[in-house]
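Note that chain A is present in both complexes that follow, paired respectively with chain B and with chain C.
Coming up: the complex of A and B.
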């Protein structure tokens, strides 16, 4: 992991995505800036509905249009703007250079084809391999992702595999063409805790073996602590805090980030120790519907530190390496 | 889910969804009966003429000879003295062919238009669905009559005319399935590995949409056979091609004098449609996962 390599592999600049809904036009992403360095793991964290998955889809050029639309900004992959690429170019990028694994391994595999067939399909889309060759490669990939008896498993249908194994098959499919970026959208949310740990181990192995950069999208700060090198915290379509994983986890600045960290259950810790809140903290309220966002900070209504200014104007993301968008945090620092 | 060690669970050999459906189908007594009946009818039509030889148009005995009275004409003769059993054997082929051809035409048009409409949505969907509705609200029989009158009656014209009036239903069904399936995650997953629209439509979505379409196609065969019988009854079928519907049509005015020239082809049509419906219902049960839970 060579964090700090000057040239980012993926660079998202001022990305703005709008959706037309029954309530009129809403801004799902409002000026997102993100960099993904080669070989690193970037954690994108936030609650449901804050724009994490939209960021992932925009990176793949998969924003459903209509109703979605990229209203501004750029997504630069290796210097090439994905938001302006034509469909043919996008298809050749997808799977080959940037690939994605999904939240629900139950539904992200096609039920009528065998695991091996689906991996072979992905291979044949981007490589000049015949069916037999692709089948052989599929079995090898299943072996790589730690599926026992890969020859036999390649002939299994998705419903015959456990959740963990299906996610392994998805990973095998995603890495089949040696992509440089792997976007993992809540890859372990639907899995048991023990299986989660195995999938994270596998992702780390894959990262080392194929030197792939991972964008890990999650709502789970525990997953961030385990996997991420750098972290971006999102709220209501904006990045509210950005920094290295250590900075964010040990010195969270934004009250929202603090709330998310308070949601991690800690084993063997007495309540009150290290100033941790008793049993398990929760953030009151929900992410506001995007069409109801006012002028102020989107988090103000749920924020314990909010004051007048927070409701009147929206804070910008400011700071050096560890950036935060919060007036209260600014005052604290000053 | 909930398995800590993926190596620890042993699953049986891979069973494809199709084989699973076949297992269910095999245990469905009416469906198996329908299949055997249908096979028997097809064999009867295909090979019957080799055993019971003769020209169905030839006048062999006195007109309107009742069945069972003459050993040479076991099912009797029609109003012109032609052998009814010969007619049934000869007329079965065109009848079944029209049914099958109409079902295939229905499937091809319906799946293409419905699939494109459901997959792309938006104005394409609106346009194609308006076209579909246009065909759907046309009085089916009248439209088929116009088509047949415009292009001289023949087996092919009849099949096309029936297919053209029956496809909107299949199109709507296909569209609904595509609308549902295109939102599923494996479709996004297919897109995320760089698959083209065409590939996603026909290789990812269609195989998953097929079960209800197969069921509907079987039922279409039955409807098409009845439709053709109706057209023949009205005298709109090719008079030079023997078919069950034609036999009913030409003998209908003498039904009060002789019931058999109309009844035997009627029974043949009934048994065929009945068998096809049983097969369709059986397929429906086999593919429908809710009914499959025992």
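Coming up: the complex of A and C.
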């Protein structure tokens, strides 16, 4: 590998995913391009239903089929197209080279098996370790993710652990086979704020220790600011803006990205005349249902800058290192 | 609560429940019309008023009802269920000779119903709109709708005259010679049809329930986690999903034990299975109160024991119950 221009570990090209619904066929992902470099953190940000989780599931080869289907494009892991890999090969990648932690630590662990058993299971599967060896490694992993009394906790059932601890168990399970990619789908959404910060700290430690590349999926720009090196902003199944985290946070180009950043509450902001905090910002409207998308820009109906062209045609993602898909931003730049 | 304390408490509840069953049955049967003394006399070929009075005093039937109840409860506490009016033998001996075949029939039917029902439900859930799912839907409708005595008679007709491969009557072959193992084989051979008849209605329920439960569980987050680990589909379904999907089956199987026992009494009559069912039926016609009370008591005892075993297996299967969690 050339050190100057490293090859991406994960390269998603033109990924298109369709779902059959009662409204007919809808396109959940429409031509997604993403690169994940070794050891970096890529933030994928957007509202519910924008396709972030589908992107993650497609990367794991876990799109439920039916009703879902990869209708086009490639997902290259280390040069290997996993959209064309057979199920056996996919299983050997999952949990070993690419692993994932989910949004709901409360329900993501199986209630009838102990935490230790669930971690050891992955180790036995991918590292051909015996039960005793895997159990011992599971306890070590629980220690690594900062669970107190790991010997005892490995024998605990999920309902005996708090939300934060369960997410630590999920992380321990995800890193058990030294993956090269860790996909974190809203890993802190269900947790309270102090626990969120602890989980992010842990993820950073893990990244340093295991030099794993993280794809952090979130709707929280605050989390992006804290964690991400590069960011892709998604809206209605497309990427609308892409760049380094600093560029995106400091100079957002897409009106949607600006809206998301405007939604971050700012501590210490001046109180209003009545002694109240100013109301939290919001983006008016909701993400349109995918089956109702027209020809134009999907964000046009909610966009303060939209003009006629936005409703007639869909802007392409253009630009250098900092790309944006927006006619208004193009005009601003010109 | 530890398992010992838990079992002790459940046993205490069971004893209280059984006493309630005894008292209620006693009053129900004495409220029924008819005079047992006349039935006994009738069996002897008629009697004078004096003989009727003798019969009444011999069986304690001339005493006030509450006194009769007290005497009855006292005897039961000592393991004495009384003498059968008809057979003139201890009721406990009559039941002891017949309870084994009934338990065998009930357990065999339960095992068939749970294994086949869960297997069908699991495979149907893998393809919720596939042909096996449709079959499970049809089977459960037919299974619910068909009464066991009808199913039994249809199977008797089928296997007695059309394809005579299974015995349709009794528990053993009339002229049987062979060793112990061959004898067990012979009993199982005779058991096949009655057990299957009794199982059908419950199999229908379990297949439907496990299909629904499995579809639910297969959509759970922890099943996605299991897949994300790289586990094979077999392990995902039969280890991670099934362990959770059987929990409602255990609950329902426990509740159904009572229905299974009452169903067994009917099936026994159809297939002439030498269990408690025939004895219960005849005791009703003969107004043989002590025997009937004894049978009802044993049926209640079996249900109480079955429920206790169900609860214990539920505790074993679900750690959240075991440790008193959410």
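By definition in this document, the second predicted complex is superposed on the first by the 320 of 334 C-alpha atoms of A that agree within 3 Å, B and C clash if a C-alpha of one lies under 4 Å from a C-alpha of the other, contacts with A are read in each partner's own complex, and residues count from 1 in each chain.
Just so it is clear, contacts are C-beta pairs under 8 Å (C-beta built on N, C-alpha and C of every residue); 3 or more make two chains touch, one makes a residue touch a chain.
This structure is a prediction, so every number in the text was calculated from the model and none was measured.
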With everything superposed onto chain A, say whether chain B and chain C fit together or clash. clash
Once the shared chain is lined up, is A:192 touching chain B (first), chain C (second), both, or neither of them? first
Chain B versus chain C as contact partner of A:305, first or second or both or neither: neither
Check whether A:129 is in contact with chain B, with chain C, with both or with neither, and answer first, second, both or neither. neither
Between chain B (first) and chain C (second), which, if any, makes contact with A:102: first, second, both or neither? both
Specify the partner with more touching residues on chain A, choosing between chain B and chain C. B
After lining up the shared chain so the two structures overlap, which partner does A:263 touch, if you call chain B first and chain C second: first, second, both or neither? neither
Under the stated touch criterion, which partner chain does A:170 make contact with: chain B (first), chain C (second), both, or neither? both
Shared contact residues on chain A - chain B and chain C: 60, 62, 90-96, 99-100, 102, 104, 107-114, 121-122, 125-126, 157, 160, 170, 173
List the residues on chain A that touch chain C in their complex, please. 60, 62, 87, 90-96, 99-100, 102, 104, 107-114, 121-122, 125-126, 157, 159-160, 170, 173
Per the contact definition, I'd like the list of chain B residues that touch chain A in the complex. 1-4, 6-7, 9, 11, 14-17, 122, 184-186, 188-196, 203-204, 207-208
Residue set of chain C touching chain A in the complex reads 220-222, 224-233, 240, 243-244, 317-320, 323, 325-326
In the complex, chain A residues that touch chain B: 60, 62, 66, 90-96, 99-100, 102-104, 107-114, 121-122, 125-126, 146-148, 152, 155-157, 160-165, 168, 170, 173-174, 176, 190-192, 194-195
